[in-house]
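Two complexes, one shared chain (chain A), two partners (chain B, chain C).
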Partner chain A sequence: MTAPSVHKEPSMARQKEMISQHFKKLTTAHESGKKVVYTFVPGNLTELMLSFDCLPVHPEINALQSGMRKKSAGYIAEAERHGHSEDVCTYVKCDIGMLKKGNIGPTGEHIPPPDLLLLSYTGCFTFMKWFELLREEYDCPVAMLHVPYQGDGEITDDMREYVIRQLREDVIPKFEEVTGQAFDIDRLKDLLASSARAEDDLVTVLESAKHRPSPIDAYFGGVYYIGPIFTAFRGTREAEAYYRELREEVQERMRVGAGPITPEGPLEKERFRLVVEGPPNWTHFREFWRMFHEEGAVVVASTYTKVGGVYDRGFRHDPDRPFETLAEYCLGCYTNLNLPTRTDMISKYVEDYSADGFLINSIKSCNSFSAGQLLILREVEERTGIPGAFVETDLVDPRYFSASNVKNRLESYFQMLAQKQVQAS
Partner chain B sequence: MSRVADIVTTCEELYEDLEFSACRAWKEEAPGRHAIGYLPMWVPREIIHAAGMLPVGILGGGDKLEIIRGDAFFQSYICHLPRSVIELVLKGNLDFLDGCLFPSICDIVRNLSGMWQLLRPDTYVRYVDVPQNFEPDRGGRFFRTELRKLIDDLGGIAGRPVTDDALKHSIELYDENRRLIRELYDRRSAVPWLVPTSEVYLVQRAGMVLPVEAHNDLVREYLAAAEMDDRPERDNSRVVVSGAFCEQPPLDLIRTLERAGCYVVDDDFMLVNRWFAQDVARPGDPVDALVTAFLEQGIANPARYEPHAGTKGQDLIECVRRRDADGIIFAAPSFCDPALLERPMLQKAVEAAGIPSTAFKYSENTGQLQPIREQAGTFSDSVKLWSSV
Partner chain C sequence: MRGVIGIDLGSTTTKAIVLDEDGRVLGRGITNSRSNYDVACAVARNEALIDSRFNLFRSRAAFESVAAGARDGIMQRLELGFRREQYSGQLDDLQAACTEHLTGPRFSKVRDAAQGVLESSFATLRSETRALFSETGARRSNFFRDLAGSRLLEIMEPCCRERSVPFDLMMGLYDKSIIGVENHVPEVTFESNVMCAMGDALEGGSLDDIRSAALRAQLEDVARETLTEACVVGTGYGRARLPFPRENIRSEILCHGLGAHAMFPETRTVLDIGGQDTKAIQVDADGIVESFQMNDRCAAGCGRYLGYIADEMNMGVQDLGPMALRAKTPVKINSTCTVFAGAELRDRLAIGQRREDILGGLHRAMILRAMSLLARSGGIRDEFTFTGGVANNEAAVKALECLVQENYGERHLNISPDSIYTGALGAALFARRHAEGEKEVA
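Here is the complex of A and B:
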């Protein structure tokens, strides 16, 4: 019996090749004289890293890839054997477990140890502890960038100035020390200009979901769309080419009235338009997606696709203000926004994308996202008059994905939405 | 009843009073008074005091509060503290507060600040973002503006500006408070049978709801009275409790540790009382004094970034040595990210130092104490019998 084929968008082939090339470069990084920098997606300083010819590694991306490849359960068990609590973030444990088992990455190749840990402490307390834990394992320097939280829902001059000073006084000197290269602001500006071009195309893609039917799924499909720009490729010509190609694909689907491409093929009929808050589950990603597309449910906007930058609210990297723009980028990532701002944003998505409903996928591992979500649910329902739903899963611990429970809840929810549609018509 | 028993009874009544009657009474004593709540671990109470306000420590509902509505706001995998805080908010127990400060400690307390903004839009909410960069011209500069903002905000609520002189006076009062608490801890370590931890805990808890002036008097009085009591020394082990800095263990859990044969000779309960090892006061700008103290003296804790490799756990090891402790009990609230992510690093460090330890989790309403008693008792016996620390 042959495995069923998986339908993919053409741009996915380009992305796969980009990732493959990146991991090849990582494997030979030390032979080629490249420095390897471990860092996080939210508040990542990719352009700065690339300006020093460094190769980024994102531990949470490795963890989610391990989840998709069904390797995370073993890694988590390994970390728990080393004394890590069952209560804490499974990304951290998956990463620690992978390290303990030889640090073999998602492509099956060995990931080299870091020359620098770039701790961008943005929107997630666990990041700080994560790199303190990694520092115990690796003999390498740490560059710490503390990004203040938008407690009052705004970026103040003092917050921006604090981040800029750290960039100038701490982060860049550390890069110069590790790489032996002098900081080149013109190179950084070129990379930032490239980022902005790709960001324009990404926003066009994300906002295409306002069209009926939506040509994209902005959550399950969206995690592929954000891949290059959230990780090692922002600021590169490859990323620009990827987003240009993706935009053209999506615009063509929009032109012919086609829906999103799912792993089982194009979605023929859009029945429900949803906004989703929270990260996806990775261990059962395809099964989770199927629960939606089998019912004709399309996610038209999601918050998870904003963890590495809230571009659809207007932010673009600005080459004319290189330090300010890096600071504002870090300060503006989704999990660095306070709860009232997140609630406003979701409510606006519901209205702007003409959603029939919104769903919170509450993640056990991620307190940054999860704490307060039940209040967000009430607030958004009250403000929009749209019914919400709530399911609980985890990032990469398969013990916390109960397929039958999730499916039951979703089916009930979709039945309720269908009933509302009947009543409305 | 002895004087110690009187004092402890008073403190226990304050501890159990979830209506915060003492704080309400303080507000009613004079018109125009304000009370500002704060969550663990640390906020600059000196600034609240200098604004003429009462700082009120919000440490959850403990094991006496039935959670009815609070659970509807939090998933099962989130610690207990925020659900009891929300319960208190929704029941009106905290309606006397004019504002609340949420220190940068974890994502739960951080997001709780936003929940408070949504649920109590009539009150002042401030997320106290403390620097994780400890250089004066980066973290120090940022923190100074944060504190100035807080001073301006509280001055606005009070209807009169917070003066430097007022702040200097408040810093002196809190320096005195910290000196007294240090003395309390030192006495407990020296004669734990005369100054038991369950009493030290209650005396400290009183400081969460009393004005600092009254609390200073209370600690002095307790210290004097405890010396006069005649209580027998027991053949207990000496342990340090680590990990209980935010959500508090129920008082019965602390008593259970004592009944299990442990003298707790140091702990990290209510770190706000012991955040600085030396006095904060110094000549010049009082805000600079607070900033400098925070950058240079802030005690090691899981919510504070440790910029130097190889130093994790060294403060805990030094504490064990200084207190002549036999071992460590890692007691962390369930689902507490800071404590539980920190723990493997601390365990590795103390193990390398040859210090025995045991670990368990609790929540503020833990009722099943027998397993903890057995675990602590076994640990206590084993370290006394077999340890060569």
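Here is the complex of A and C:
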């Protein structure tokens, strides 16, 4: 049987090539004298890493890639055999399972062990536990950047100073020690300037969804758009080129009034505009997306695409304030925001993007996202007067995606929205 | 005459409702959903059309001159007679299917004896038919499988012993055969069945020949009347399987909302507990759904939970409520997992707790889950309508009343005796709108 053909945006080909090159570099990192740093997406210090010529590995990206490539079930089973309970974050189990099975990455190439574990701790306690497990596996230095939670909904001077002090006194000296290179602030500034340029283009792309019809899907499509900037490429010329190409592509679709390109083909008719909170399910990513495509539903804004930076609220990396900007970036990631801020953000998205509805995809094993989501649901409903939908799936454990139940709920939800549209007209 | 039909394909039962041109309920039909949704859908639809014809007949002029008491008696006997004829036809089908399956190799050594078991058992079953469908007959269900199945096996067991045929073999034969019988749509023979039944219905009555003849003529007329389906709309869990165009399929949420509104126009919050779904729905003054929440990932606390518990306790599901109502000190029961609740139940029985108290606690646990979903959907507003099969369970209703009072204060609770048809009614109302060419709704 031949697999059904998948429609892709041209910029995706560029992205695929970038990722493939990155994994090739990783495979030969140690032979070519490069150092490998394992780190997480939220609050990642990519520019700092690149200024030391380090290559990042993101365990949660590997996990989601394994989920999309239908490998996660086996990895999770492996981790469970090593004693991890069913309730542990499935990203963690997928990563640990992959490691136990030889650390073969998503492109089929071996991922080298880390020279440094850089834990930028932003809002997810599990990250800390995850790296404790990795520390058991690898004999390498650990740098921990503790990022205070925005409990009161703002970044105070003390919080910023606290992060900066750690950067200066702990993180940068660790990099110098591991790489043998001296910290080069000019290089960091160049990288930060490049980041800001790509960030501008990304925001243009994300905000294009305010247009009717939206030329992008800001959730399913959005996860591709954030790929380079959230991972190894922020601050690079390649990322700048990618985002320029993407922006042009999206603007062209906007000019001709075309909708987003989905794996099933272009979305011909936009019937529902949605805001989505929560990470996607990766094991049934295409199937999940198809449920939206079939109903003419397009996601116009999502919170998941802000886990590696909330750029659309104005943040840009600022080369003139290198330490402050890194600190503010880490402090401002979506997972580090408190519930009232998240509620404000979602409510504002519903209004700014003229959404017909909003959906919470609650992830069984992700506490940092899921805690408080029912409260968010109720608050956003009250503020916007728009009913929310709530489905439960998981990140990469295929056992927790019940397609017929999710579809049943989504169909019911879309029919309710349609009825409201008729009533309103 | 023209009518519209709504079909609700649930996980346990499939319901159909026929509305006449004025939007009044003309007939209702229900069947078990079985493994074949297409058949369940066709059977429920046929049953609703049969019920419609009975109701049409009841409203005929010839009845007006018959005294009210006699009228009810005639109708009851007529319907029972009709069901008896229908049942006899299904028994013939079942026996034929069983006989056909006897040709398999597993029966090579006992074929003649097994044939004897079948003939003798079916003969006994047939001899009981008249009593079963008498005015005093005890029928725990209207579904053929329930009526014929357990009794047939009861009769077969001693027969098998007498004729040295392994009972297991005959049970397997029955299982295989009943699936085949259930999964084909019986031909609707309303006219022949009903005319047979009419003889019995008039017997024993006090009608003179002229009136009897007039009624017969009216019945024939109704039996021959063409019922045109202007539109059929389907809903329910199996709706994707319904052989309708996409625009004729509505989600059960919309249908339950609209159905509850049609039954009780002041409804603002609907709780529906069906076989595998619990739905909390908020509707506006027109029955349009404002928001809803459904159970996710797990169906503990739904109708099937009660079915499982009934099996565990070796009781009929309809007997659980009455027993639970006799609880004195309800015990606390886990409601997060159906299977665990079963284990807990056995443990508690083993330590000597009363069945009534265990069941009382179990019903409360079930409603507690619904309360959390109601809270998630925006709470309980006045009026509050409870629908779905579980709304027929008095103990569940009592637990709900109590918890609503505790959490929300005084609320007017509506429960219709036809609550199981709420989704089908909503679907029929959508069909009516569709047929009337109103603006397309979704």
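Methods note: the second predicted complex is superposed on the first by the 424 of 425 C-alpha atoms of A that agree within 3 Å, B and C clash if a C-alpha of one lies under 4 Å from a C-alpha of the other, contacts with A are read in each partner's own complex, and residues count from 1 in each chain.
Simple rule for what comes next: contacts are C-beta pairs under 8 Å (C-beta built on N, C-alpha and C of every residue); 3 or more make two chains touch, one makes a residue touch a chain.
These figures come from a predicted structure and were not determined experimentally.
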Requested in this report: For A:Ser85, select first, second, both or neither according to whether it touches chain B, chain C, the two together, or no partner.
Outcome: first
Of the two partners chain B and chain C, more of chain A gets touched by chain B
- request: Could you look at A:Ser402 and tell me whether it touches chain B, chain C, both or neither (first, second, both, neither)?
  value: second
Which partner does A:Val299 contact after superposing on A: first (chain B), second (chain C), both, neither? neither
**Request:** Could you tell me if A:Leu374 is touching chain B, chain C, both of them or neither one (first, second, both, neither)?
**Result:** both
Check whether A:Gln415 is in contact with chain B, with chain C, with both or with neither, and answer first, second, both or neither. second
**Report entry** First (chain B), second (chain C), both or neither touched by A:Gln423
**Finding:** second
Determine, under the contact definition given at the top, whether A:Glu392 touches first (chain B), second (chain C), both, or neither.
-> both
Chain B and chain C footprints on chain A meet at residues 364, 374, 392
Interface with chain C, chain A side, in the complex: residues 364, 374, 377-378, 381, 387-388, 390-392, 400, 402, 405, 408-409, 411-416, 418-420, 422-423
Contacts from chain C onto chain A in the complex sit at residues 237, 250-254, 286, 288-294, 296-297, 376, 378, 439-442
Touching chain A in the complex, chain B uses residues 72-75, 77-78, 82, 102, 104-108, 110-115, 117-119, 126-127, 129, 131-133, 135, 137-139, 141-142, 145-146, 302-303, 305-307, 309, 312, 332, 334-338, 340-345, 347-348, 361
Residue set of chain A touching chain B in the complex reads 82-85, 87-89, 92, 121, 124-126, 128-130, 132-133, 135-136, 142, 144, 146, 148-149, 151-152, 158-159, 161-162, 165-166, 169-170, 338-340, 342-343, 362, 364, 367-368, 370-375, 379, 392
